[in-house]
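Below: one structure, written as structure tokens.
As written, the chains take the letters A, B, C and D, and residue 1 is the first residue of each chain.
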Amino acid sequence: MMIAYFATGAICTGLVLFFRRKTLSMVIAGLFLAVQLFITLWIIMNRGHQVSLFFELDELSVIFVSILFLLALFMFYHSNRLLSQCNSASCSIYHAGFIALVTSLTGVYTSANLTVNWVFLEATTLSVAALIYHNRTIRALEATWKYVFISSVGIALAYIGILFVSLTLKSALSADMSFSSLGTALQQANPLYLKLAFLFVLIGYSAKMEIFPLYTIGIDANYVAPAPASAFISTAMVNAGFISIFRLYKVYALTPVAAWSRHVMVLTGVVSVAIAAIYMLRVKNYKRMFAYSTLEHMGLAAIGLGIGGAGIVAAILQVLIHSFAKSAVFFQLGQAHRILKTYRIGKTGGYMHIHPAGAIAMLTGTVVLTAIPPSGLFVPEWILFSHMAAAGKWVLFALVVALLTLVIYGIFSRILPLLYMENERTYVDGRYVIPSETITQYFLLAITIALCFIHPDFLYRLIYRAAGISL
Amino acid sequence: MYPILLVIAGAIFIPGFIARTRSISAGRKGPGMFQHLYNVRLLLRKGNVFSNTSGAVQQVAPSVVLASVLLSAFFIPFAGKPGLLSFSYDFVFFACILGLSRFWMIIAALDAGSSFEGMGASREALYGMLAEPAFFLLVGALALITGHDSFVSIFSSGDTFNLGYYFAALLGAYILFNIMLVENSRIPVDDPRTHLELTMIHEVMVLDLSGIDLAMVQIASFLKYGIFSSLMAGSIIPANWQLPVQIAAAFGILAFTGIAVGILESFKARNRLNKNFQYILTISAIALLVLILALLTLQ
Amino acid sequence: MTTILILAFSLTLIYFTITERFRTYAILTGMQGFLLFAISVIELEKISTANLLFIIAETVLFKTILVPFLLMRIIREMKFPRVHKRALPGYYAIILASALLLLSYITAVSLGNTEVDRLYLTVSLFAMFTGLLLIITHKKIFSHLVGFLVLENAVFLFSLTIGNEMPMLINTAILLDIFISVLILGAFATRIGRATESMESEDLSQLKD
Amino acid sequence: METIFVAVLFLSFFLFVFHGRAKYYLTFVLFAVTAIFAVTPAIQVIVSGLQVPYTYSGSLTGGINIVLDPMGALFICMIFFTMLMGLLYAPGYLKNDHASVPLTTRSLHYFSYLWLYFAMLSISVVREGMPFLIAWEIMTLSSFVLVIYYGKERTIIQASINYLIQMHIGFLFLLAGFILVEAKTGVPGFDGLKVYLQEPGGQVAFWLFFVGFAVKAGFIPFHTWLPEAHPAAPTHVSGIMSGIMIKMGIFGILRIISCMSGDYLVPGVIILVLAVMSSLYGVMQAIFQHDLKRLLAWHSIENIGIIGIGIGAGLIGLGMHSPALAFLGFAGGILHVLNHSLFKSLLFFSAGSVYAATGTRDINLLGGIMKKMPMTAGLFLLASMAISGLPPLNGFISEFLIFSGLFSGLASHQVFYIILFILSIAGLALTGGLAAFCFTKAFGITFLGNTRGKLLHTPEEAPVGMLLPQFIIGLIIVLIGIVPMFFIRWIGTVIVTSFNTSIPVDMPMFSGRLFGLIGMISGLLIILTVALLLVRKLLLSGRSIKSGPTWGCGYTAGNPAMQYTSTSFASDYAKLSSPLISQKQHYQRIEEKDIFPDNRTYEVHSSDGIKEKVIDAPGRFITGMMRRLAVLQTGKMHHYVLYALLFLIAVLILSLFNLL
């Protein structure tokens, strides 16, 4: 089934690229979404079954594949709004990238094997590049170049990590590289090998998850990509990085270097949050600001993994809710850009006047992203901090909350002028004030806020299972 | 009923004593003992002239001022007898009610929109504010020594005569005397005789009052002499003396108060305005001294 | 025999760090490809024929011929100046390289696994570091490209370390190599060259905060 | 009941759909519906003096225990009343800016108003950590949205961000407190605190909570947001924020005190000292202000200090096993919470009416408003008297209670506490005097005399809609002054049920008799005044009543600009307090060569030394440091790869030394 799906994805991509017709590519992408819905449902139905050697439909993949579909659907909608002015070639390349990306992301989410996972993650680089390069400007070229290059360096490093893992094994047939068997196989392995392997993989995948050290390209990519694509990169894409690191992390939990790997995660996480905080106070561009916010949230997720125990639950929940919130904000930023023609901070304002529905979505999104209740993101933070307290990590707690406070200051002091302050330089293109386009944002934000008040049993059961903690 | 009579007696006699002392010491013939009462009677017979700028506040204020000072007179105990009104911590009420009269006096002055009255109001407010802690410190110290919680019980506990209390009571009387000078704006805080409005405090505030309104304010100010001197009497006179002796002593203190103010006004110049802070804060410092004394007696 | 080849490989690596002409880069890349070909032929004796053919095709056709050719073409087309720009003076680079070589050796020794040839490990780690160093110490995009290619070679060499048992891993690595190299070299490098005229990295460092 | 609340929450989103008056009516209906279902049980709890908490658990939120105890009930009543008054006042006030404020902002305003109300109601009844924090932050956020209503100006945006960040810092302390308690005891929320406080070292949690709540309440040195946020907000919002929202901080402090079971003395002393400092500093700063709303904001700090004096005294009373001190302190503190919510909202409302009518908040430009707006002026005067603690109004009653408590504490025979109490008494007395000073200034300069500056339009009396809530509040202010015993009895119930003291509710000293008498005397004062006024009127009838210009002491060319202003009124005081509070003067010197000097301006601004040292300087330091640290995103790709290498090496080195 999975093979058939990937084949479909590949064929769809090929068709779009081959014909290069605007309407046709849209139709194919739409049809592909139907396939995606089908495969999502199929994965949900078959969860817990080992369907093939390479793919595993566990709770983790169920959660993320479901989010992926939702995000892909919304992204498709917003992209089509965006693409209405583009020519056939760029439109079809965009759609091809989109289909390929969704396919490879599904692969990343569901892969049960270290190598397969790596292959699909590599495949995302290429498809994302098509999306980033959409605008064909020199800056787009720069960002794409950096993205492709550094991702590739990262992926090569990650491969060295995988090779280190395999060095400790007696044989490395495909079955041996599966996550489930690695856990037991690595229990007696040489710690130094394991450490090196983990480090290389972490560094390599950090480009995808947008955490320190290779987060830099993600920022640029988010900035130059069209807003719907940024929404997708900042959520589904980083989720792929997260899931890859997380699967390895789970393997490492069984090895002698479990404690060490957790500490490394905390280190990267804290450094990521710190960098996000630092740049939050410096950025002059709304889109980059929200890109840094992604860095911050992924850093928190890394810290959650590093804390372990309930922290893992917090991390998964964090990533999950962040996907909704961040995509909503980026969708809204896209609209704002079409109306105001700029992302520059301080160059514009009065959005509350210009596009009320959008302004409220933006305000809500900002609040949600800062994890101030009633943001759903408060729940993972609460879990994380409670767990930190239980572990007696008060210095870490103080450091993280101090950094988060700076982040909040940074975000609010930049978003509020956009919403409220009247700026005489504000240029408004009234054609694009389309309140109906905000529905997706409201839907996504409603989910995030509802998750603060309502803690649905099925979701939490899924997350606890995915985290490997019995309830 | 005695206490309120004592206050009224004070109100009637003290201004007279002050005026007489002053004229005698200056070698003048001077006005009679009751000239101030004649003045008030004259004012009460007059009509009213008010400023175009002023409004309801200036009309109402004199009544409020008089009413609150009158009411505060009801709190004064004498010779072991409570005043008309007496309850635990009545001195708080007493202080607050005097505060009320000051409050209205100030806004009445501001109502005329005159820069001179503004100055007076500002100073009155400031001095009143500074004098407040002195009173509370003093009462606190007395309450601490005696272990009682109302005017009458504090003052009537003097029958267990001891030196510590008595010294504290004397200092207390001295403080009350000074507070009286501040409240009534006499020398050295203020010189009511001067004709330079810039340096006046209380007198400048009533510039735009006339007739009955002015009379009411004057009466209130006379009453304050009575109130504070009665308080001084209460604190100094031991409560175990015979009643007639106490009454005599009280009148003696009233007379003494009047004469003392008169002598002070004859032989002392008014302070420079910015020295007044220092002067009033000194009162608080002495009150603090009383407190320390109280703490020492406690040991 | 393998030892000599590997030492030759590490020599090329050192030369990479000090060379100052772009053309040398292309030649060195080709040499590395050839060395890898030789090593893999010697080492992978027990491997199935199909796989061996695949690896040979990769090393000979791709690494030894196609990549240097593409690099040459870029140099020609872009009319690069001969000497490239460094972010760091050359002598620092060589000092760093030696330090990294030492570090690789220490790491390889402390891994202490007798099953693994320490030389392989040392050289492949060194190759990795050299690749990274090429990227870090240079400002030109072309040097970055070469650095990446060296990194790829390191991965390939490292996968040879694992030996015969794991053809899948090697094959995937090769696929990656081809895929990315072609993408970067073919598609992007030329596009950047056209867009920025001189392929200066400065033109592509405007995205910052 | 639950379904109704959920329905109300859901319906509140329809505020964004409706236009015009319908929006307001919907707000009102939702408010009223909630009120009926929240306030009715609250009143039952208070009046019946129910000692057993009234418990039910909701299913929507997964079974959060909601406990309605008398203290929560009291706060619910206060919240309801203050918010209702604000809601009545709001439309009249907001009407002035209909053109310049976007419709959405207005929807958002009413929406946040409702949610602020819901959040405060929840805070009063929720006891577990996470729901409490959620409600707490909803309160912060909704009030934040209310503050930023006029966000067109940069200063307002800065003030509201300042507000948000400081609230967030307070929130973090609460968060730390909750997670600490839960980690140590395994019991969530305030019940866990109760357990933890009995363990050694449990005091840490108390102080975490205290700081968290103190930021909201505005004790110094956590007050710095207050004088910024209040002037920025629309006036009725300042009214409710100052009136009730900052009291949620006090509520929290009372809540954690109710969790204590020993060791009352140290917290009591610290709170008392902090409170005396707050009250003095607040009022000392207030006198300098000439922005009417900023002045009122500083007075909020002062009054929080007075409340804190009561609470601190009550705590010490508990620690010394002195029921009198405990009762009087807590009763004074809690009654002052109620009183302040009344007179402060009244002050803000009437100040808002003045602002709406004149377009300025600068007292130095105002004057003579009383003739144009007699009702507003009268109400402001009433509230000024109340806040200065003058009889026969409510402020006096609570200050009387606190004074009595402190005086009764003198009987403790412990020198340390005696000195503490005496100093507190002096401090409180000084605060009262300063408050009177400040409000004679505020009232006198704003409403009396002649108009000093040029106003945008001639002021007119506020419409009935705006006056009505003010009259209701004024009525209650007088009512508490005249019949204080009922209120004190209810508060007595709260104290006895919340603080687990051995205070008999009907101790002879605190029985209705004393306060009945005090109420009577207050009544007497009013009667006496009225009688004197009647006498005056009788005497004056038939006599000549003339009017003329104000006596200028011989100077005949006086003009309104020569009147005393706010700044000049406070100038003597400024000299006195200059060592503590510095003033900055902005003016242009007249040079010797300047023979014909032209128009000049002179401005004085007081500066908050605490804010500069506690907030501004560290803030500048942190942002400056952060700016220097921002060296990573260089745009150069070789740097980006370098980070990876450095990270690799750093981690390897760290692991080599077993640091990871």
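FYI, a residue touches a chain if its C-beta (ideal position, glycine included) is under 8 Å from a C-beta of that chain, and two chains touch if they have at least 3 such contacts.
The structure presented is a predicted model; accordingly, all values stated were derived computationally and were not measured.
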(message) Count the C-beta contact pairs for A-C and for C-D, then tell me which is higher.
(response) A-C
(message) Measuring between Cα centroids, which chain is at the maximum distance from subunit D?
(response) C
(message) Just the number, please: Cα centre separation of subunit A and subunit B in whole Å.
(response) 78
(request) Between subunit A and subunit C, tell me the centre distance in angstrom, where each centre is the average of that chain's C-alpha atoms. (result) 31
(request) List the centre-to-centre spacing of subunit C and subunit D in whole Å, with centres computed as mean CA coordinates. (result) 68
(message) Using Cα averages as centroids, what's the distance between subunit B and subunit D in whole Å?
(response) 36
(message) Counting only residues that touch at least two other chains, what does the list for subunit A look like?
(response) 146, 149, 153, 157, 219, 279, 282
(request) Note the residues in subunit C that touch 2 or more other chains, in rising order. (result) 132, 135, 144, 204-207, 209
(message) Could you pull out the residues of subunit D that touch at least 2 other chains?
(response) 630, 633, 637, 641, 644
(request) Report the complete set of touching chain pairs. (result) A-C, A-D, B-D, C-D
(request) Name, in rising order, each residue of subunit C that touches subunit D in their complex. (result) 87, 129, 132, 135-139, 144, 201, 204-209
(request) Going by the contact rule at the top, pick out the subunit A residues touching subunit D in the complex. (result) 146, 149-150, 153-154, 157, 195, 199-200, 203, 206, 212-214, 216-217, 219, 260, 263-264, 267-268, 275, 277-279, 281-282, 352-353, 356-357, 359-360, 363, 367, 372-374, 378-379, 382, 385-386, 388-390, 392, 397, 401, 405-406, 408-409, 412-413, 416-417, 419-422, 452-455
(request) Name, in rising order, each residue of subunit B that touches subunit D in their complex. (result) 44, 46-57, 60, 62-64, 66-68, 70-71, 85, 87-89, 92-93, 95-97, 99-100, 102-103, 106-107, 109-119, 121-123, 125-126, 128-133, 135-137, 140-141, 143-144, 147, 149, 197, 207-208, 211-213, 216, 273-274, 277, 284, 291, 295, 298
(request) Spell out the part of subunit D that touches subunit A in their complex, as residue ranges. (result) 16, 60-62, 102-105, 108, 129-130, 133-134, 136-138, 140-141, 145, 148, 151-154, 157-158, 160-161, 164-165, 168-169, 172, 175-176, 179-180, 182-183, 622-623, 626-627, 629-630, 632-633, 637, 640-641, 643-644, 646-648, 651-652, 655, 660
(request) Report the residues of subunit A in contact with subunit C in the complex, numbered from low to high. (result) 115, 118-119, 122, 126, 138-139, 141-146, 148-149, 152-153, 155-157, 159-160, 162-163, 166-167, 170-174, 177, 190, 192-193, 196, 219-220, 223-224, 279, 282-285, 288
